[in-house]
Amino acid sequence: MRKVVTFGEIMLRLSPGGHYRFLQNGSFEATFGGAEANVAVSLANFGVETSFVTRLPDHAIGRGAAQALRAFGVDTSGIVYGGERIGVYYLEKGAGERGSVCIYDRKHSAISEATPDDFDWDAIFQDADWFHFTGITPALGGYLPEICEVACKAAKRLGLTVSCDLNYRSKLWTREQAGAVMDRLCRCTDVLFANEEDALRVFGIAAADSDVTAGKLDKSGYMSVARQLRDRFGCGKVAITLRTSLSASDNLWQGLVFDGEEFAFSREHSIRIVDRVGGGDSFAAGLIYALRKQTDAQYAVEFAAAASAFAQTIEGDFNRVTEDEVLRLMRGDASGRVRR
Amino acid sequence: MRKVVTFGEIMLRLSPGGHYRFLQNGSFEATFGGAEANVAVSLANFGVETSFVTRLPDHAIGRGAAQALRAFGVDTSGIVYGGERIGVYYLEKGAGERGSVCIYDRKHSAISEATPDDFDWDAIFQDADWFHFTGITPALGGYLPEICEVACKAAKRLGLTVSCDLNYRSKLWTREQAGAVMDRLCRCTDVLFANEEDALRVFGIAAADSDVTAGKLDKSGYMSVARQLRDRFGCGKVAITLRTSLSASDNLWQGLVFDGEEFAFSREHSIRIVDRVGGGDSFAAGLIYALRKQTDAQYAVEFAAAASAFAQTIEGDFNRVTEDEVLRLMRGDASGRVRR
Amino acid sequence: MRKVVTFGEIMLRLSPGGHYRFLQNGSFEATFGGAEANVAVSLANFGVETSFVTRLPDHAIGRGAAQALRAFGVDTSGIVYGGERIGVYYLEKGAGERGSVCIYDRKHSAISEATPDDFDWDAIFQDADWFHFTGITPALGGYLPEICEVACKAAKRLGLTVSCDLNYRSKLWTREQAGAVMDRLCRCTDVLFANEEDALRVFGIAAADSDVTAGKLDKSGYMSVARQLRDRFGCGKVAITLRTSLSASDNLWQGLVFDGEEFAFSREHSIRIVDRVGGGDSFAAGLIYALRKQTDAQYAVEFAAAASAFAQTIEGDFNRVTEDEVLRLMRGDASGRVRR
Amino acid sequence: MRKVVTFGEIMLRLSPGGHYRFLQNGSFEATFGGAEANVAVSLANFGVETSFVTRLPDHAIGRGAAQALRAFGVDTSGIVYGGERIGVYYLEKGAGERGSVCIYDRKHSAISEATPDDFDWDAIFQDADWFHFTGITPALGGYLPEICEVACKAAKRLGLTVSCDLNYRSKLWTREQAGAVMDRLCRCTDVLFANEEDALRVFGIAAADSDVTAGKLDKSGYMSVARQLRDRFGCGKVAITLRTSLSASDNLWQGLVFDGEEFAFSREHSIRIVDRVGGGDSFAAGLIYALRKQTDAQYAVEFAAAASAFAQTIEGDFNRVTEDEVLRLMRGDASGRVRR
Amino acid sequence: MRKVVTFGEIMLRLSPGGHYRFLQNGSFEATFGGAEANVAVSLANFGVETSFVTRLPDHAIGRGAAQALRAFGVDTSGIVYGGERIGVYYLEKGAGERGSVCIYDRKHSAISEATPDDFDWDAIFQDADWFHFTGITPALGGYLPEICEVACKAAKRLGLTVSCDLNYRSKLWTREQAGAVMDRLCRCTDVLFANEEDALRVFGIAAADSDVTAGKLDKSGYMSVARQLRDRFGCGKVAITLRTSLSASDNLWQGLVFDGEEFAFSREHSIRIVDRVGGGDSFAAGLIYALRKQTDAQYAVEFAAAASAFAQTIEGDFNRVTEDEVLRLMRGDASGRVRR
Amino acid sequence: MRKVVTFGEIMLRLSPGGHYRFLQNGSFEATFGGAEANVAVSLANFGVETSFVTRLPDHAIGRGAAQALRAFGVDTSGIVYGGERIGVYYLEKGAGERGSVCIYDRKHSAISEATPDDFDWDAIFQDADWFHFTGITPALGGYLPEICEVACKAAKRLGLTVSCDLNYRSKLWTREQAGAVMDRLCRCTDVLFANEEDALRVFGIAAADSDVTAGKLDKSGYMSVARQLRDRFGCGKVAITLRTSLSASDNLWQGLVFDGEEFAFSREHSIRIVDRVGGGDSFAAGLIYALRKQTDAQYAVEFAAAASAFAQTIEGDFNRVTEDEVLRLMRGDASGRVRR
């Protein structure tokens, strides 16, 4: 099989360990993460050849981001060096009623100042059959909406499958900006990922009777959202993640895939949260992996849900999990017994 | 608005990290805490000008305690330097059925050997409109019962509101000693804080049908205790915290304020315990903050309960929380979702 | 009272801290553990004179294992030095649906290459009245089945009580090998410990209607297994631990002792897992301790279950708990309140 | 005595601990630092009332910088909140032949985007008698050259002493830019700090026969530089630090003060480097402190040199040292014996 | 050979790691130490049966001190439990010109409040042939001068060799108090340890031309002190350590033994200081070890000097070194090459 | 240019941090290292395409070793998975007179049990022009002498340059075994690396008047050894490293290359040791890098010496250094100044 290309920003993630608030313990755990990089790592861990494309500053921290990806086997030869800074995000993990806090410091990052000339998509997509990005990439501004569109069109032209996760970030752009840009990009998309909030905020597509803050979710609402998204953009498949946030420590988690005919819901996972960042990315990676293996929708959504449930019990953005571990959980061993 | 003065002991707190037992991992996290210092930090975090008064040894560790308070903006100019040692307490945090363990080494601390001449209350209370202390301060012995009484009387004379938390500590004095001293001090008190055990052990005021160890608590019992305390000491308001200890990891938590007319109960918070020390202090600080803003009893108790529920999901004695965060929780967002 | 002797392997245990996966954080917490060493430490913590017998390489790491035991007061004068390596096991702790992972690297360890001449059982058993080992010791291969048999026979000849925990490890030997060897050894055993899986896998003794992976356990099944074990080997007492693994973070835990007449079940403990390794060993130690004090079966099983429930809320293999703490939990204080 | 005001940028400093290279150990120690903030902390530690003026983003990291300063007693009431990011600098500490590495990520910081309206210098300088800043502040660009000039003129008008450290940073501006701006600012300056490189690079003022990289320094060269600086700008005093970098681990360190008449050299300190960042800032603070006490030039330069030698044996930008400790070293106790 | 008994205080030692100042990094490394405990550990590491006698509070920290000793094989059965606190000392390690700082918080410790009835010296000295203590023990006050005298007399009566290290601590008692008490105790002493300062400060015995702070030491001065001490107290041997403190990071270190005939000086060791606390204790232990083996004075002083030079390259009070390692260094391998 | 292949063992390296002795601080830093892996990482850091060939167990720790290499860009596609364990080595770092200690636990490792069939050298050497291994690889025993010989012959047949570092390890084989095997392998070698001890111990080739332990080294002795090695094996170049171990903390370090005509000595580096393991490997990598660029012997030895001097100021086996950093040091900037 050929390789998957993902495109986006990778940031330095700074998080005080354990349950500390920012600056409480005088140190930060330094890792890297970003929606599309997280997908790349997951796929590489499943054995898929994956290339991550971005722009990074040519200094020790920028080079370190590439090194972190390379450790998992992600191909970093498509990374362009230039610009002055790597985006940073500060993450404080919550507990119980206290939610996690993210502070982004990603403006002016090397990737956000990329120009169309930085990327030769025909070369990048050589030997590739899948292209994945998320709504964060165009939201970074500058030339990125244009670059994303160029990339999507090149991908379609070269016969790649294109997948996109809406991933709306209100700190990066307005609903109007997002709506206009994502509308164009989603029309190139074969597999569209979203959660209820994304669809509502980007496209105004609502699911009735859901109150996310209160933690009430409604299956039929999600089905309605999936159908509306598919109808509007004509993508082959729409996938939605359903999170019930009981507290910062305990979540319920489920996936839905709609292929125009069947609504396949995964079983609902009960997650003891270790680190919920990257849950959606792990779901996307799991689904891409399964779909590329031509599995049916039910298998694919179960695999994706299990992979992403697992991811949230692991520290960091990256899903450090093997296919074998996902399969064990997917097949029902959720008892957490010791594997000797 | 004018400032709040709190008076008591601040100790060096030594705690092995995570779930380690004492000395298991060869290190101690070194922070500071103490009932009245905790209240001062909470208030300063809410933007209230607060002064903490104590006596500390004039060496790096004693000076470090003042430094820790000053970081939060607490005024430390009222601290007297002298004496030989700072009190120490060792804290081991429990999990599940294993309870936390506190070992106090606070005898002979600088504050416990203070003399009445150390504190010029007229100067200390300049620009102040509120004085807070707890039953731990007089329990430290020496001249402290006398000093507390002098302080309370000065506060009343100068028109300050006086609040006191019973905070009975059986390791520091007997019920008889506590009863005699606290009886005098509570008569100067406008706002009295207690929990069921305190009232019983200090004043013999019982709430029927409650078995604290077994974790059974009864609302009407608390109402009865609150009324008895108010009647006996003539304080304007009595506030009580209700803790149901399901395990060292999970507690239920609720507050009650009685102003002579209405019994205002907060909603019950379900707490995933990170560090329960200082829960009562955060409640007191929250209530003082709300009452100073002339809010009604219901608002005040909700604010105090939310503030102190939040505090118990944070490492350390000090409640590192802003008013904004308390309000968000108080208004019902207890889902622990990520705040980006 | 005289001393207890335990015999087996002690390994270097390497575990990334917190919820990290292997090698994720660049370090390992280095402790020591092993079934029989764990029992020795528990007993020493209860004040029982205990001697641990093994073979260790004569270098800093091997000597360090003895040092770790000696800290708890375990007598290490019976340890033989020789061989080239100490067994190592890597432990990654799970969370929620993600189970813990153990990787053993114990082959060719000093103890596994011991010869019968290494141990003078008559000298070792001087002043002893109890001998404990587990099925792991003969499973290490080489001369160990023979050495165990020699030890058991010497113990019986010298009037010691012999206890054995089946502790089947499929990575170390096959069911057939285990069945043959353990059959001989169990015939020397006065107190036999097992869990449902052990009895089934070593001796083919099944309890109906239990599906361990699914977390369903059945009391009558355990009673049947206990009776079959006792009948087959003629041991005075059979003790079984019942674990319901709700997730890697939450387990239910209960003990059963059958003395031929009465089936004594302990109350079921709800455990917030900190470190479940060594749970069975703590149970064995608790039971040995109680039985040596001539308590009745119900008291003994409650003590053993409380001790081992407590152990699983503590980091590491060793049960860092005092008799006093076990008694407090055994008597019903499972609320996890702060002990000041 | 009245207070000192310093004005500039405070950055989040991220440094892997010990001798690790960037990202080698997966964590960063998180502290704060910046030339003028470092001076403020030193002065506060000497008991001088000091106010630090800057602009910080209104989030947990920005607020944390103020908190860090406040711990030392620095007045932070003059800090303006606004803008989007706090500057970051990454610091890797060297050893032996391997030099330390600094990576700056300070562009677009809140302070660099400040406008003249952000600061009301008449209010800021109330109760102040000294104003200190360094060449880094105007080098941040935007309105800062203008703001610095406004501040200097206000300071002069209000009768404050003005001190400035050239602190040339080639990454921030060119020699030409620096020369033009600093020329204007130095004309308002009463006490001018420099090192040989600064004078050369900013103003083209050279000291013959010095090759900084090769570690050769020449006293007469420094005297010549000092005289030229004083003559050109008419400042009352010029102070220069002389560093001989034997290796990243061992430096020689000396100060020179020239008041127009006498060249006062301090004794040369032999420094075992723990953290050399902030050495010049500690020197400036020490000199300001001594000069404000009306000491003679020789005393002042010895105090400043001792303070800054001490600073370089301490982790972090901030000089955590008391006047008493400086005096002990200044008086000749450089043996490093234990102080009990 | 029979066992050695040492008697004194063991304290909890709290030290920030690396080169941090107190409270700079929010944690303390928690170990234990004390002059006589350090000697006991050294001797146990050399294979000598050693018993440490003290009084400790009966809580987790007090029990932990005994556990720390037991790990090294020190017999702790002579420890009496009672009293309320364990002494604490805070240690900050210096670098270069910055000296280390010790803050003692040892008043009111369990041992300092011991009474003569706490120790049954006839039982303690059973099977012992050597008794060691230092001047710190009587300096703790209360009954300790009396207890030490009782112990010394019992030791002499039972035929033990008595050794004593002057170890003058000005924070604990005055020169006059020390002089009076130590005079009596030294008359029971067979082997007397001192450094130049001790002899001067306790007994007014001066060595000409030495200025300790300036780091100048003079061999003939030491010889004069040794002779005076021996003449005054009639002890068989006097041993003196000679430290030249070049800086907190580099010391020269040498030992001298005088047996009435010969002055045996060890070679001078050049020490890269890791942790100098306990250097003198390691020297005493080394000498006791060598003397008990009947070696000549030159061998003994070389062994003691090598052991204690080694000790100062190791973290903590305790000398974690084997006889084999001391011998290797003593025989001249000071090149620090890797031992594979 | 084509790629370099290195072949050997990579081990898990376990080292307590800082200056701790084994097990003193309860944790191990977990990294990976091994002579040939170290060379591969160095070369990859210089931008050379490098492939590392070994055999590793197929579990998380084995996979982690490959991951560690991949982070640096080393190609790991030639790694064979199988066998049961990864070799482990424990490293304790010394200070001053206390040398570092290595404990190897590498027997029975996956690579040591490799068979000739595991490696298809024709495929491995495709696109390669250089093959490097060291004397450790055949010393691991089993089929490895044979495998090395097969590899060398294939390399020669395919036109690769072969380099070998003698790297004698007395714990792995005797001088006789080493002499016999290495004699055969060195005859295939184009570039031979050694230190004085290696040549003596493996081949009995002595340099007069050198006493390594005493730290005396003699240039002419090294020249004599180089000439003898070259003459005996007919290799084009012989390279020798000259270490003068002043102490565990300070070493002198120099390289020598002899190409049959000229003896090129590098300048002598004065190293403040952070971690000396891998110094020789970094030298070899530096030389290979320079020679492949067709530099002259003097340039090559300076580059190699600078690279390896730099390596010893970095934690871990791997030389985390760029070509640019080596060049800066090589060109004479050894002052350790801050690079901003």
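Here are a few things to note about the model shown:
Letters A, B, C, D, E and F name the chains as they come in the text, with residue numbers starting at 1 for each one.
The criterion applied here is as follows: a residue touches a chain if its C-beta (ideal position, glycine included) is under 8 Å from a C-beta of that chain, and two chains touch if they have at least 3 such contacts.
This is a predicted model, so every value here is computed, not measured.
Steps from subunit D to subunit F, minimised over paths through touching chains, total 1.
The equivalent interface to B-C, defined as the listed pair sharing over half of its contact pairs by residue number with it, is D-F out of D-F, C-D or A-F.
Centroid distances from subunit F, each centroid being the mean of CA atoms, peak for B.
Here the CA centre of subunit A is 62 Å from the CA centre of subunit E. Averaged Cα coordinates give subunit B a centre that lies 42 Å from the centre of subunit D. Centre-to-centre separation of subunit E and subunit F, using mean CA positions: 44 Å.
Residue numbers of subunit E whose C-beta contacts span two or more other chains: 18, 21, 25-26, 29, 67-68, 101. Chain contacts in this assembly form a complete graph, since each chain touches every other chain. Interface residues of subunit A facing subunit F in the complex, by the touch rule stated above, are 67-68, 70-73. Listed in rising order, the residues of subunit D touching subunit E in the complex are 17-18, 29, 269-274, 309-310, 313-316, 320, 325, 329, 332-340. Considering their complex, residues 14, 21-23, 26-31, 59-61, 64, 67-68, 84-86, 88, 90, 92, 101, 103, 105, 107-108 of subunit D touch subunit A. Residues 25-26 of subunit A are the ones touching subunit E in the complex. Taken in their complex, subunit F has these residues touching subunit E: 18-21, 24-25, 94-102, 104, 169-171, 212-215, 245-249, 276-277.
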